[in-house]
Amino acid sequence: MEDKILISVKNLKKYFSRGKDIVHAVEDVSFNIRRGETLGLVGESGSGKSTVARLIIRLIDTDGGNIIFDGVDITTLSEKALKPFRRRMQIVFQDPASSLNPQMTVGTIIKEQFLIHKLGTKQEQEKWVEELLEKVGIDPSFKDAYPHEFSGGQQQRICIARAIALRSEFIICDEPLSSLDVSIQAQIIKLLEDLQKELGLTYLFISHDLAVVKHLSDSIAVMYLGKLVEFSNKKDLFSNPLHPYTITLLSSVPTIKGEEKEVELKGEPPSPINPPEGCPFNPRCPKKEDICERETPILEEICEGHFVACHIVQR
Amino acid sequence: MDLLLSIDNLNVYFYRSEGVLKAVDGISYNLHKGEVLGIVGESGSGKSVSVLSIVRLLPANGKIVDGSISFDGKDILKLSMNELQDIRGKDIGFVFQDPMSSLNPVITVGQQVMEPLLWHNLCSREEAYKRAKNMLGMVGIPFPEERMKEYPFQFSGGMRQRVMIAIALICNPKLLIADEPTTSLDVTTQAQIIRLLKNMRSELDMSVILITHNLALTSNFCDRLIIMYASNMMETGGTKDVLNTPSHPYTRFLLDAVPDIEVEKELVPIPGTIPDLINPPEGCKFHPRCPMSMDICRTEKPPLFPVGDGHYSACWLCGRE
Amino acid sequence: MGNKKRIGRSYWSNIWEKFKRNKLAVFGLIFVCILILLGISAPWLAPYPYDEVHYEAVWTPPCREFLAGTDQLGRDIFSRLLYSLRNAIIVGLGAQSLIVVIGLTLGLIAGFYGGKTDNILMRIVDIVYSFPSYLLNIILVLVLGRGYFSIFVAIAATGWAGMARLVRGQTLSTKSRDFVEAARASGAGNNRIMFRYILPNIIGPVIYSIFSGIPGVMLVESGLSLIGLGVRPPMPSWGLMISEGTGQFLYNPYMLLAPAGMLVLTILSFNFVAFGLRDALSARE
């Protein structure tokens, strides 16, 4: 079903230099997202998941690998050649307050999208802005208000309105809920779900909250220290997690039922500046063997659609 | 069980240029020795302020205008600053959300762990050093002796929070107040820290107040829960009772609005936004967002109605026969 | 629309709200406006031309005829104060405009493009910064000859570096904010990002810097006139008047007190405005 794939990432690499050190932010990350589906990208802080988002949307340049959007390799396109693709993919950030230009009214913020791409007449633009605000649940009569006059949840709605303004097909949500209150988070989840249904959107949903990711995603990718350690559809990942890191991650999530879980992760995530040799998880892994310290495991398909990068599981 | 802390009709106001903000609006609860109490609420619900008032740690524009607080037999509101300082850090330990800004970046970790002992003149320097070393070992810091010479920036986030816990516990407090201790940490580290707090509680036999916005976090740690919303107590009771048979619509909403990793469910978002606390709604603070609100909810503030054994709910629905 | 709610209060009207709460700053602003008006209308307000000598009335203490007394040539000090004010304001605004033009442009370019451009521009800034600026001012005035223009150039030649540094820093931090990233992700070009996203968001600190810089510029001008390098006499300047007054302090203290007092008052009022602006800009909602 290759033709259904909207975005495909192959062996993505990104290194940052920090003084003399090199930060291995993203290393050999590959995955596909099918049209109309949601890929949940999970990982702890420093796992490189936000860097992946910025690489895909070409806010930063890659150090290797390819990004293929709807069959076109956009990895090295010039800003000019990229412009039609910019229309088709958008991003929603974590902190809505800093994602909105404080000097513009929310109407202008959304209208900017049409001005940048020279779409519509003035009257049409005004009409679209009102329709978009309506769609995300903001009273259109507030279009002349400034971002600071809205609550965090409303600001995030405005960010979402901006993201869907150009009828983009693909939207990256980079931790869009983590700065919001619990009662507001559900509203935004619901909004994202409804918009996906209505507009057929494809999401890359980045989060550290596994429960939210489970709720929203069709398939899930787990990152650890810049590498993809497991990739699978949602059902398999949660019912049959294979990578030892995924297993500990899942057992760390607190639940309302509150059953005591046995697996606990020892130690701290190592620094991406000098990642460990071999498997990135080996210093903390309860199942570690000699080979894990020597060779980096490659992501392999264990059963249909379930990929794992672990020597032990692969045997 | 013996009573350790008793708060009665606490009212805390913040005086802002825009008006008076009722940060805590008439809250009463008790805490027994050895008990773990969870206070759950969203931002601005007054959950932190209600607890920081116990040691009168309030911003300059905040004032306790009414109520009484009795801790370990002492009337907190009548104590002098010196007497209060005796309690802070010695009888009551604190762990805050951000371990980086809570630690002094230019003093070694060892010194910071020893300091509460020295301030309160509890022991000699040598003794303090020994106790600090043991405490750091107890909170799970490997090679405590070496790491005592290091500075906070040399510790990871999770390790820093362990250091904070060591500082809070070094004087064997009767009460540990943990204000969102895991919010800035990753999931796996969060699990470690909660487990550590649990172990330390049983080892040192102290009471704990855990302030959090995450209901799930309380489920296997807290004995009792208080659910707060807009400066008011909405529901309180045993953790199991509150989570399994929630009686307040807000609590029910909280449970339905948060996805759970184990339960596949349709999310029911709470409509509307958190009210402006300077001009709060009349009656029940939750009524504008509550689908079950009745006429009385709009005009009169509901008292706590008993709904079970030690389980109370501030909702008029529970007050009807 | 028909919505009764108070909406559409922009970033700037918020700052103005906060600024208004600061009594001292508002007072300073009113005073600054008065000073500028006085300076502009000096030729009409002054009772005497600044260079008209009254030999019959040298060293007259303040009286009804000469509001602030007269100097050693019998010139009316009040009129000379007004003209000095006018000079100070011309120099302050003129030099500050030049500083803003150079500093804003270079700072914006350095911060926005980064990399090599930034490196080269900032090394130049470092060099200019490390120069003893007063000395450079003197040399430049000597080379260019006395006059308004050479004073502007002399002051701006060293003053722009601070502005460039400020603008560069602000640009760098604004550039990495999410709304700029979002605009870039939508395909906004460099010019659009620079003028619609970055510039409006850094203009606050720039205005603060303009206000807080004016007193400094006025002081430099006074310093130059003190050693005879300011505006060309007989055109008066506070520096010149202070230097003349110093020798007379024991006999005719008003000759020193009047210009010194005016200088202090002017500088203070500009500073009050600047501090008020700073507080209003940094206050978080």
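To keep things simple, chains are lettered A, B and C as they appear, and every chain counts its residues starting from 1.
The working rule: contacts are C-beta pairs under 8 Å (C-beta built on N, C-alpha and C of every residue); 3 or more make two chains touch, one makes a residue touch a chain.
Bear in mind the structure is a predicted one, so any value in this text is a computation, not a measurement.
K.L.:
Treat each pair of touching chains as one step and give the shortest count from subunit B to subunit C.
P.N.:
Each step joins two touching chains, and the minimum needed here is 2.
K.L.:
With respect to inter-chain C-beta contacts, which pair, A-B or A-C, contains the greater number?
P.N.:
Result: the pair with more contacts is A-B.
K.L.:
Could you pull out the chain whose C-alpha mean position is farthest off from that of subunit B?
P.N.:
Taking each chain's C-alpha mean as its centre, the farthest from subunit B is C.
K.L.:
Once you find the CA centre of subunit B and the CA centre of subunit C, what distance in Å lies between them?
P.N.:
52
K.L.:
For subunit A and subunit B, what's the span in angstrom between their mean Cα positions?
P.N.:
32
K.L.:
What whole-number Å value describes the gap between the mean CA coordinates of subunit A and subunit C?
P.N.:
Each chain reduced to its C-alpha mean, subunit A and subunit C end up 49 Å apart.
K.L.:
Residues of subunit A touching subunit C in their complex?
P.N.:
Against subunit C, subunit A makes touches at 54, 57-59, 79, 82-83, 86-87, 89-91, 93-95, 98-105, 112-113, 116-117, 139, 141-142, 144-146, 148-149, 159, 162, 166.
K.L.:
Which part of subunit C faces subunit A closely enough to touch in the complex?
P.N.:
So the residues of subunit C in touch with subunit A come to 1-3, 5, 7-11, 14, 177-179, 181-189, 192, 196-197, 200-201, 285.
K.L.:
Could you please specify the touching residues of subunit B with respect to subunit A in the complex?
P.N.:
Spelled out, the residues of subunit B in touch with subunit A are 42-43, 156-159, 186-192, 194-195, 213-217, 219-220, 239, 243, 253-263, 267-271, 273-274.
K.L.:
Touching residues of subunit A toward subunit B in the complex: what are they?
P.N.:
Per the touch definition, subunit A meets subunit B at residues 44-45, 151, 153-154, 181-187, 189-190, 208-212, 214-215, 238, 248-260, 264-265, 268-269.
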